[in-house]
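Pasting the structures in now, so scroll down.
The two complexes that follow have chain A in common; it is paired with chain B in the first and with chain C in the second.
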Partner chain A sequence: MRFQLAALSLRRHASRTLLAVLGVAVSAAMLLDMVMLATGMRQSFATLLGRNGFTIRVSPRGTLPFDTEATIAQARDATITMQRIAGVTAVAPVLGTTIHVLGGPNPVTAFALGVDPAVQGDYELLEGREPVADALVASDALLRATGARIGDTLDVAIGFDPQIRTYTGRRRVVICGRARFTYLSADDRAAALPLASVQAMGGPDRSDRVSLFMVRTAPNVDPEATRLAIERALPRVTALSTAGAIAEAEHRLSYFRQLAFILGAVSLIVGFLLVTTIVTVSVNERIGEIAIMRAIGVSRSHVVHQIVIEGIGLSLTGAAAGLILGVFTARWLNSILRGFPGLPDAIDFFLFQPNSAFRALALLVASGVAAGIYPAWRAASLPISATLREEAVG
Partner chain B sequence: MAPWEAAVRTIAIDQRLAADAGLRVGDLVVLAAEPGRANGDTVRIAAIVQRRADPSEVARSEYRIRMHLDQLQRIVGYGDRVDRFAIATAGGAAADSALRRINSVAFGFRAYPSREIAVETSKTFVVVSRFHRAIGMITIVASATFLLCIMLLKVDERRRDVAAMRLMGISRATVVRTVILESSFVALLGSLFGVGLGFVTSALVNAHYQAVYRTPLRFAIVTPGTVAYSVLLSLVLGIGAGALAARRLARTAPLTLFGR
Partner chain C sequence: MSGQPLLLLRDAHRDYPHSGEPVHAVRGVSLDITQGEYVAIIGPSGCGKSTLLNLLGAIDRPTKGSVTIGATAVSTLPDKAATHFRLTNIGFVFQRFYLLPVLTAQENVELPMAEAKVPATERRSRARELLGYVGLAARADHRPAELSGGEQQRVAIARALANRPIVLLADEPTGELDARTGGDVIALFDRLNRDGMTIVVVTHDEKLAGAARRVIHMLDGRIVRDEPLLRRA
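Take a look at the complex of A and B:
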């Protein structure tokens, strides 16, 4: 009965109800998008970093991984030192550099990683085999740019000397595989070679040096304790746990999180105000009706319930429409932000997480309930005879 | 000052480093390529410089030092190498011909016009700007719906007044014009209040993010164009909603509006 009356009351002003539902839906969509933005970046980045089980990144002291061109010297000794630390199960050295693929009218420049193929966590082999000496695995973008295929040989150089117009660190390498690079975008031209090859091509500047170590720890070990142990054992490095890396990324992207928080809060307030206004106006218009209902014996709680149900109805319908609208707008907004140059493929700014999404929409519905309480209480507390007289006299 | 101190070379550091490390002009510091390296260069801080309002540096909480090129090359063992050259030309055709000549003899490097580099380096901000526009569009849709809803209700609340006016013999057109005038006044007042709120919030946003990222960059700017656009939009919506509701009320019989 209460539900029927609430539905009839909403249907009486169909256009107004439709507009209110539309307003709540847009607010709900915005709220949902902002929740997806606030939680998605963190979740997506955490998934990316934890993908290959590496829990600690070790870079030259005072730098973040690949933030500068600085390298760690005496890499072999450092690897042995870290392997001896309790809880460390694998150490993957990585040396990043630029290579030039020669042979065409213009050299093709690419990002190259020197890795230990047995423990690497930088790429996923899609086709072919792991690189050995004088072999590399390439990204699709590099294969496209060079027009080469698996099995072809490339003329690769690591540097050049403009004075004598010659390339340095030149070597002929065979493409032995095709790979997807975890931390690079699909458009990045990239290759991975054995670490020793890249170090040798780089000459004395790169000898026994790496840009980064990725460290895997045992599941029952606290990565933070291992991180501190690494920094104690190797004063020349900065060790960063996955949690630390996420915190650093969050600091850099705090703008988006705060924007999400502010716009989410504004959406919630707009949704609340909209439902409050609609329900209040609707109650004001029906004061006479409500007084008659009370006069013929309808209880106060019945009136309150009916009006609160109207608020819930508006919020629920708006939230349901907002869920669909929010998912579509999130996809659109995500596709815009995915345009950031060099963004890894695995990173999404908007991530639909059912728990967070439904919690946000529940908050909006709860605000709808709260929005109906004041007008409902006001309507139920009307002095019956005075209201009827006022309504009759006009 | 000892003779060796007079021979010390000078550097400039940025405000962030000066504040965090407690450094002042005249202080002596040791620069080395790696932490703890014994054979560093002792230099004197000659200046503390303010960072440029460069969006590309905003999220990077790194320190900046300006020093003599040869000294940096020696400290980091970079030899007679540089990352890039910036070349000043007379502009226009001179820039194009310099570009062609450099690229015709270049080996292992390439010259780019500044505008091309600006386009490449600003790609991130193009994305951010596109994202802001998209968020702005959603916000406009949300606020337009809200405004439309409120204006319709506001006019609808006047049904008894409209009925009274009609019963007194005031014409439909006058009633409609009165209601539209009222709703435009409400929309104008609301948008003026909104402009004030916009100025205050943009000042708060700037103060907050300038403190967080320690940069003179302005994050939110209220431009005359933004003000004109928002005022115009709220006026159009206000007048539109007012006209819609007023026409509907004027067409309804006065006694029906009274609920009789």
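Take a look at the complex of A and C:
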């Protein structure tokens, strides 16, 4: 009967209960969004880095991948050295550069990657075939910008000398495929060519050089040990495991996480105070009834349970509504934030992870229990005769 | 007076702190009420009638002295045991009825039985029976707001009888009723007493006091007169 009484007490002031539930729902939605924000970026970054099974990134010493324009010399030897390290199953060299597609009214500038198509992890081929010499695969944005299609030939240059106003490293290449680039946004104009082609187009400055190696390790091997082995074998590089990259990203995003934590905590406190206020007001209105219930033999525990159930009812209903509201607002905010230029398509700011979400909402419901305890304790501790006397006078 | 002693107060005192000074609401009251009695406690406002009733009903504890109901020394019971004792042994009726507004008449009567863990089918049947006894069988599904004051008080009486108490304690049960509906309540108490229920009622209502078999007069926390009335035909 205590469940029935709790439900009926909440229904007694339906509009007030509805407003309280809406308030808790907004609080729950914000808490959920902050949890999704705090954990989502980390998780989506980890998922992005873990794609294609590459566990280590090797960049010029003291730099992070593509953080600078520095390159690693003697790339062929470095590849062989790394391939000999125990646990390494694949080494994918990548040379990043800018290319200019000529021939149209205005040159189109794009980001180009020189890769080994056999082991690359930078793009997913959507149509066509892998690039061989004097061929490239292009992103949809590049195809749109150039108006070209698979099979067309492009006049491509890798540099521009402003003194003589001449493009350098020119070459005619065939578009052999269409690709989605893993670490770039859908709006980025990008192309991938065989590594040797990019190195040749870049002349002596790019010869036998790469920007980055991506290294795949065997499943039973600790990437951290392999990372250390690479750094020992190649003193001029910095090797970064996926775990290390995530830690680095977390460090850089720590303000985001702190902000999310603070706003999440505020949401939780607001939800707690809201439920406490509503339940306290409700109890104060029913002081006389509660005293009578106690007088006719209704136990303290019944009173406490009933009032705590009311708090849980408000929190639970609010949390359920907040779950829906939170997911929708997160999707909306995510679509706004993902619109920032240069962000990889695969990055999500808000990522719904059931465990984290339900833990956060469970915390909110637990706060609802706590919110009901104070007014419940107060109601159950009423001196019956004094309360009845005051009620009779009142 | 005849029958078994049921309620015994011995030198019961009840003091309340008020603005740092004790208020002596009940001062050394000793009282025996036997089974089947119908007792009215009367006196001016603030003379300690309701406090005495609360002591008799184990709602309150004496500052000094003892209260025994049946064989149980209720003045020494811990709160949990006192609560259970009230639930199973004492029926309360209050001036303001205090039915739970969210429950129907039937559910209000069922509430003490649900608390006493009476099975649902049994309590439904008992609640119907009690509402029939107080003449409200047809109003079982109505909420208090849909009932008149007299009807609400009769539902409260049915609720007080739910767990078959050994005594019915009523504090100004006709205080908020007009003469006609108050008369209905008086008649109901009379019928209950004839059916064997021990009743103690605190009242200013002369008609209600006149219906009792014994009238206790209080003044300043003390019993100043205790007189049996002549039995009516």
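Here is the rule we use: the second predicted complex is superposed on the first by the 394 of 394 C-alpha atoms of A that agree within 3 Å, B and C clash if a C-alpha of one lies under 4 Å from a C-alpha of the other, contacts with A are read in each partner's own complex, and residues count from 1 in each chain.
Keep this in mind: a contact is a pair of C-beta atoms (placed from the backbone, for glycine too) under 8 Å apart; a residue touches a chain by one contact, two chains touch by 3 or more.
No experiment lies behind these values; they were computed from the predicted model shown.
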{"item": "Clash or fit (per the criteria above) of chain B with chain C on chain A", "value": "fit"}
{"item": "Touched partner set for A:Ile292, first chain B, second chain C, both or neither", "value": "second"}
{"item": "Which of chain B and chain C A:Ala243 touches, first, second, both or neither", "value": "neither"}
{"item": "Partner chain(s) touched by A:Leu19 [first = chain B, second = chain C, both, neither]", "value": "first"}
{"item": "A:Arg11 touches, of chain B and chain C: first, second, both or neither?", "value": "second"}
{"item": "First, second, both or neither for A:Ala225, with chain B first and chain C second", "value": "neither"}
{"item": "Partner chain(s) touched by A:Trp332 [first = chain B, second = chain C, both, neither]", "value": "first"}
{"item": "Partner contacting more residues of chain A (chain B vs chain C)", "value": "B"}
{"item": "Partner chain(s) touched by A:Arg61 [first = chain B, second = chain C, both, neither]", "value": "first"}
{"item": "Smallest separation of CA atoms, chain C relative to chain B, angstrom", "value": "9"}
{"item": "Contact residues common to both interfaces of chain A (with chain B and with chain C)", "value": "288"}
{"item": "Complex contacts: residues of chain A adjacent to chain C", "value": "1, 4-5, 8-9, 11-12, 288-289, 292-300, 302, 384-386, 388-389, 391-392"}
{"item": "Residue ranges of chain B touching chain A (in the complex, touch as defined)", "value": "34-36, 59-62, 77, 106-109, 123-124, 126-127, 130-131, 134-135, 138-139, 141-143, 145-146, 148-150, 152-153, 156-157, 160, 209, 212, 219, 258-259"}
{"item": "Residue ranges of chain C touching chain A (in the complex, touch as defined)", "value": "16, 50-51, 54, 57, 59-60, 79-80, 83-88, 90-92, 94-96, 98, 100-103, 107, 110-112, 114-116, 159-160, 163"}
{"item": "Residue numbers on chain A that touch chain B, as the complex places them", "value": "15-16, 19-20, 22-23, 26-27, 29-30, 33, 60-62, 67, 73, 159-162, 165, 167, 205, 235-236, 251-255, 259, 263, 267, 270, 273-274, 277-278, 281, 284, 288, 329, 332-333, 336-337, 339-341, 394"}
